[in-house]
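Everything on this sheet refers to the single structure shown next.
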């Protein structure tokens, strides 16, 4: 009956990747902790790079410096 | 002073339904627990069916099978 | 398949009140939005009054002033 | 290593304001609690006024009354 | 730079199991999405069975019926 | 009307520090974004170091290596 929320930067994650991520986390919780896959809920939030900060600046600003 | 976060799949919830949901949850917290409606905050997140997983697969994939 | 997170201050909510709250929110989501109660997940977080702030101060500090 | 989630109503916050907010919160956590800015993560969620409730009604409805 | 929040019922999860869960989810995000493990943050919330509702009742109440 | 959730590792944060953090974040949101302090809600979650993962391991395990 676990609930999992995954937040990642919004960068074109395909539906196939999302399916694989949901399948993988669900299996991990089943294999490691014996949790029932049927009641495992996973929600993916894709966050704009302007809205994600790390090291005191937005990911948008960090990426500009990397170029 | 409660804070409530409601996550549902994104499927065309009307503003009227959202208003009714917010009113209903606020009243429930007032009637059951005596919480002050004026400081009760409710946030509704509408989540894409590609981003919601249950039973190891996305809601999008589950719905396809149901048809 | 909704997911609801309710945060309230930690002040001795009884198991009976928690049961009533969970029942009430689940029924509301079913009645208003047609959501399936069997897959409606509700998590209650009870938060210490030292850790809850409103109006720029903790609830602990606000309560002291009210006396 | 703090994680901060800031939810505000969606009302045209500029990238510059977002940068300033992320910088400010990160510095505050460093100055007050000695937290390392390099591992401080901040996520801003901008919420539609239809989806934010306070006082038993949506912010959209409250704003209409204020006019 | 993903952020993951895992909520499970509080039932004596050992530190070893928590370590394995954190390791597994971090690797999954690296292998599937190429995310950097060094900036992957995972927070596990263990929730009292009185505070977790599904199907309109608490997990505590459901477990009693199962016996 | 912002809502802010701050998660930090549980390491003996005093009530005074919590008050200062809540005051500081509330003022920042007022000064930068013009948000009303009276409706700014801030919740601090203190997380056990066993339950916080970064870099694929728990903070508890990382701290042991640092010694």
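Per-chain numbering from 1; labels A, B, C, D, E and F assigned in written order.
The rule we apply is simple: a contact is a pair of C-beta atoms (placed from the backbone, for glycine too) under 8 Å apart; a residue touches a chain by one contact, two chains touch by 3 or more.
Because the structure is predicted, anything quoted here is derived from the model rather than measured.
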Could you tell me which chains make contact with chain A and chain B both? C, D
Which is the least count of steps on a path of touching chains running from chain C to chain D? 2
Relative to chain E, which chain has the most distant C-alpha mean position? D
Between chain C and chain E, two touching copies, which fits better, same or different residues at the interface, with half of the numbers shared as the threshold? different
Chain D and chain F are the same sequence; what rotation (0 to 180°, nearest 5) superposes their CA atoms? 180
How big is the gap, in whole Å, between where the Cα atoms of chain B centre and where those of chain E centre? 21
How many angstrom lie between the centres of chain A and chain E, each centre taken as the mean Cα position? 14
For chain E, write out the residues touching at least two other chains, lowest number first. 1, 3, 7, 25, 39, 41, 43, 52, 54
In graph terms, with chains as vertices and touches as edges, which category applies: line, ring, star, complete, or other? other
Each pair of chains that touch: what are they? A-B, A-C, A-D, A-E, B-C, B-D, B-F, C-E, C-F, D-E, D-F, E-F
Listed in rising order, chain A residues that touch chain B in their complex are 15, 18-19, 22-23, 25-27, 37-46
State the interface residues of chain F toward chain D in the complex, per the touch definition above. 1-9, 13, 17, 20-21, 24-25, 28-29, 32-33, 35, 39, 52, 54, 59
Which residues of chain E touch chain C in the complex? 7, 47, 50-58, 60-61
Residues of chain D touching chain E in the complex: 1, 3, 39, 41, 43
